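Going in written order, the chains are labelled A, B and C, and every chain counts its residues from 1.
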Amino acid sequence: MNVHQPISPWQEGYSLPQEFYISQAIFDEDVRQLGQTQWLLVDHESRIPQQGNYFLFELGSESVIVIRNRSGEVKAFYNVCRHRGSRICLENEGSKRVLTCPYHAWSYDLDGNLRSANLMPADFDPKEVKLAAVHIGIFEGFIFLNFADGTPPDFDAFVAPFRDLLRGHGLKKTKVAVRKTYPTAANWKLVVENFFECYHCNSAHPTYCSVHDKLKMLAFGAGAGSGDDKDMKLYEEKLANWERFSSGLGYPVGMFAHEANSAFFQSGNRLPIADNAKTESVDGNPLAPLMNEFSEFDGGQTGCVFNPLSTLLVNNDHAIFFHFIPKGPRSTDVEAVWLVAEDAVEGADYDPANLMKVWDVTLTEDKTITENNQLGVNSRQYRSGRYSTQERRIAEFVQWYLDKIAP
Amino acid sequence: MNVHQPISPWQEGYSLPQEFYISQAIFDEDVRQLGQTQWLLVDHESRIPQQGNYFLFELGSESVIVIRNRSGEVKAFYNVCRHRGSRICLENEGSKRVLTCPYHAWSYDLDGNLRSANLMPADFDPKEVKLAAVHIGIFEGFIFLNFADGTPPDFDAFVAPFRDLLRGHGLKKTKVAVRKTYPTAANWKLVVENFFECYHCNSAHPTYCSVHDKLKMLAFGAGAGSGDDKDMKLYEEKLANWERFSSGLGYPVGMFAHEANSAFFQSGNRLPIADNAKTESVDGNPLAPLMNEFSEFDGGQTGCVFNPLSTLLVNNDHAIFFHFIPKGPRSTDVEAVWLVAEDAVEGADYDPANLMKVWDVTLTEDKTITENNQLGVNSRQYRSGRYSTQERRIAEFVQWYLDKIAP
Amino acid sequence: MNVHQPISPWQEGYSLPQEFYISQAIFDEDVRQLGQTQWLLVDHESRIPQQGNYFLFELGSESVIVIRNRSGEVKAFYNVCRHRGSRICLENEGSKRVLTCPYHAWSYDLDGNLRSANLMPADFDPKEVKLAAVHIGIFEGFIFLNFADGTPPDFDAFVAPFRDLLRGHGLKKTKVAVRKTYPTAANWKLVVENFFECYHCNSAHPTYCSVHDKLKMLAFGAGAGSGDDKDMKLYEEKLANWERFSSGLGYPVGMFAHEANSAFFQSGNRLPIADNAKTESVDGNPLAPLMNEFSEFDGGQTGCVFNPLSTLLVNNDHAIFFHFIPKGPRSTDVEAVWLVAEDAVEGADYDPANLMKVWDVTLTEDKTITENNQLGVNSRQYRSGRYSTQERRIAEFVQWYLDKIAP
């Protein structure tokens, strides 16, 4: 019963054929392509404020050292010594004055240049030895990595669509309040498909539904371009009213969604959470102090999909970023990180358990849903299924994936 | 030392070459062929007496919903939603009025027809959407499944050889008393080979040997066709005497064993357990009330091998069915289910621990034996070995397997 | 990120390309070649002093019974019954009068000949049935196995280089005091490379460095041919003085190291541990009584590399042998066994915890180092690295491996 059906013809508006959700070879190629063509959101700068502070980011067989150098810049290097290949940093995060390999004590400066290596042959030139670099980009305090062997995609072009939408959000002046990983036994594309439609919200997410405006969830439940045409029309006037109010406060408004032929497949929007809700909390009340550049609550939430693996949601008082880390054909780590204003005090100004509540419940529900989706997709009777009018955005994702990423 | 020997020539009367016990590719094809060509015994109807009652049967990557519909018929469907492929039923057993997918709430009636799906495109026709069915057959209360893509093998022809032998056993009016799974780290063919010879009984099964007639075990220890010619001859007269006695009570007697060119490879027989034994218990005394249609104990045991994965043993007071579920090239689940008369009362009329004792001990011993067999077969020094005259039935099984199932 | 780089050109003086440290196919071939071309040190005879005493040695899918027969000889057989292939001995060690298979009771004498099998067909000739033998060689009480299908390599030639060096060490009259396995998540070649250079001692092994002479570690830290030329020169005079002293006691001295074109890749040497050190203990004091044929402590350590998987170190009062057992492309068992004089009394004459201390600390450190080496080597950014002048012996090992073992 394990025999895979042959690669089957795919039809627009349908989910992918089975092999794209289970094959090791397709998975390996997916990860390679995503690493080469996308900028992956990995963390917020506030994690490494001082020179020498570092953390490790792991993707597949790769471990990357993300470290702040002596000039205060953030650099990224493969965690692989140029001598015999040992891992150099063994702890998940910490602080280093030099990067010394624990095996034979070859040591590198914080820009990756070899500083010393004992007893090398006479013709060995240490100046030729550098740690392999990973491309790095920083936007609004967020660190993005790209694994291209040659020239990476243009970072400015990558972040340009979000500049306006994130104006005045004060994200550079935030700090990590709490982070949590949800290991999910499913292909990364099933995780993405789950995340970019709200067709399942009604049956699967009672808490999330109690927080968000009902009509908005039908129209834009998973952001720009995710809902039903008719419902979008019905929601138009309400949205226009809120946008006038928010603009009046000097806040940005707007919405865009890239087509499937985009290199990055991005979308952005600002939407009100619900009538009378100040933020995305169980009761609509604030969870933390206003982030630095907001003057008052407008109850809006800014959604930024940088690429299908990297999403950011910003409320007036806290932000959350999500990154999906493919681990295997049937395994993905979903990491969520909650940010608050950098001067907010844990315990006094915010309670991490409250802060994470709505999304912790929702992501836990999504883990179960997505794992059961994978189990069914493993069946030889799985067939590509028709997407509903509330799953338009993932129909577009699937098309983008087939055009830009798939082998 | 892990390098497999090339496919070696096989000789009649010898066990299979190594690759048939270890290869993933051969395993995948075995499971496919068994599912397509055989009717697999999965459970007894009494497990789902009311409409909406269901249980899941799992084989390889497949999960099957076996459910009683509104008309009281038993139906079987792949547990895969036609929308995005999610598992529909998540619990191992239960009761459902409709089959609603937990992901997006698509719901199906108990005949597998789509009843409702929200927000689908205008050209979507719900009447075209049905759950994928698995072929089902019912005989004497036992549920059999077949996974053929097209027309399944004829079910009446499949059960015909057993009709007479099971006459008056009252199996429809039984219920499950206890079930237990013995996960076994061995190829399914090693499990089958262990089950269909009694050459190992003497060295490995002291309890089983203390229960059964010594000479019968040599002649028919693993049913019709399993023993040594000489011993069969010696046992002839004793068997004839018992058959006269049993026939006098109006009970069926007889024996048959299909040749290796049979589509199903079946056998059946009625044999006395031992002198003075009423049933297959440690002391020969009854373990439960007579099953409904027996009028008194004749100490007989009816053995039915429906196919090498599906066996039924019926005593006067209880029955046991065994199904072997291939899980991987070196992994098989052995499930045993004990049945008693449907009106027998647990605690008063039977004690599950006593009921299962003889076979629980025996199957536990077999698990160890078979796992050590697999470990040795993994060696590059394993060679096909000669079968004894008490292993004739498995010599025939191996030939049948090579003719009908093997790639 | 999991996609392997293509087989890359290798340069003398550099570590191997990635595929040699991660590929399953190369691993399988490595194990086959090592088993066929090398004599593997598996244990010391004293483990099985009486007839019928046996232990199991496991390599890959193979289990080998090493047993003392009725004439007192040590024999080795694959642990695979010739009937259906079951494992015959299930316990890791013990004592047997005959080798009886637990499945169907076929029994073999201690020379591997079938003694009895019930109910076999008339044309079955038990005299044709023998357990498959593994080649065996014994030298100074050590048991070596070879898995060649045909004629094994000449055992006398294999041990000849060590005869002189081990003269008067009394190794036949020793016994096992303690043994320990260090399961290591790394390719066997990374384990070997770690073991045959002392370039890492300074950064990684404080205890080991506190025990051994500093200059000797630079010159010969991993035995003959392992150090820097300049340091060897500096150490020359000190070594010559010690050799005069040791020879004066009648003890052997000397050193040799095979070239990379040798069939076995061996080396041997006698070196003083450190000034004033009697043996390889934390404080230099004895850990056990002198082994039988030494008359007094000369503080020497005899090192014998029989092949890259089999090493022996002998001090005046105890010996240690190391065998590396490849388990998978990224998994190796490192087993160390400590020996003392056969009449030494545990508790009175030696304390196992003290005896093993220096190497237990060192091997535990090496396990961590080697596992982090493997993690880095898994990266697509791993590149073959230049060896230092203190890693010359492993540069030679790599060349030998590519010439003699690699596919």
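Here are a few things to note about the model shown:
We take it that a residue touches a chain if its C-beta (ideal position, glycine included) is under 8 Å from a C-beta of that chain, and two chains touch if they have at least 3 such contacts.
Since we're looking at a predicted model, the values are computed, not measured.
Taken as a graph of touching chains, this assembly is complete, with every chain in contact with every other. A rotation of 120 degrees, rounded to a multiple of 5, brings the CA atoms of chain A into register with those of chain B. In this assembly, the C-alpha centroid of chain A lies 49 Å from the C-alpha centroid of chain C.
Contact of a single residue of chain B with at least two other chains is seen at no position. Contact residues of chain C toward chain B in the complex are 28-29, 31-32, 35, 59-63, 78-88, 90, 102-105, 117-121, 124, 132, 147. Listed in rising order, the residues of chain C touching chain A in the complex are 1-3, 13, 15, 193, 199-200, 202-204, 228, 369, 372-373, 375-383, 385-386, 388-390.
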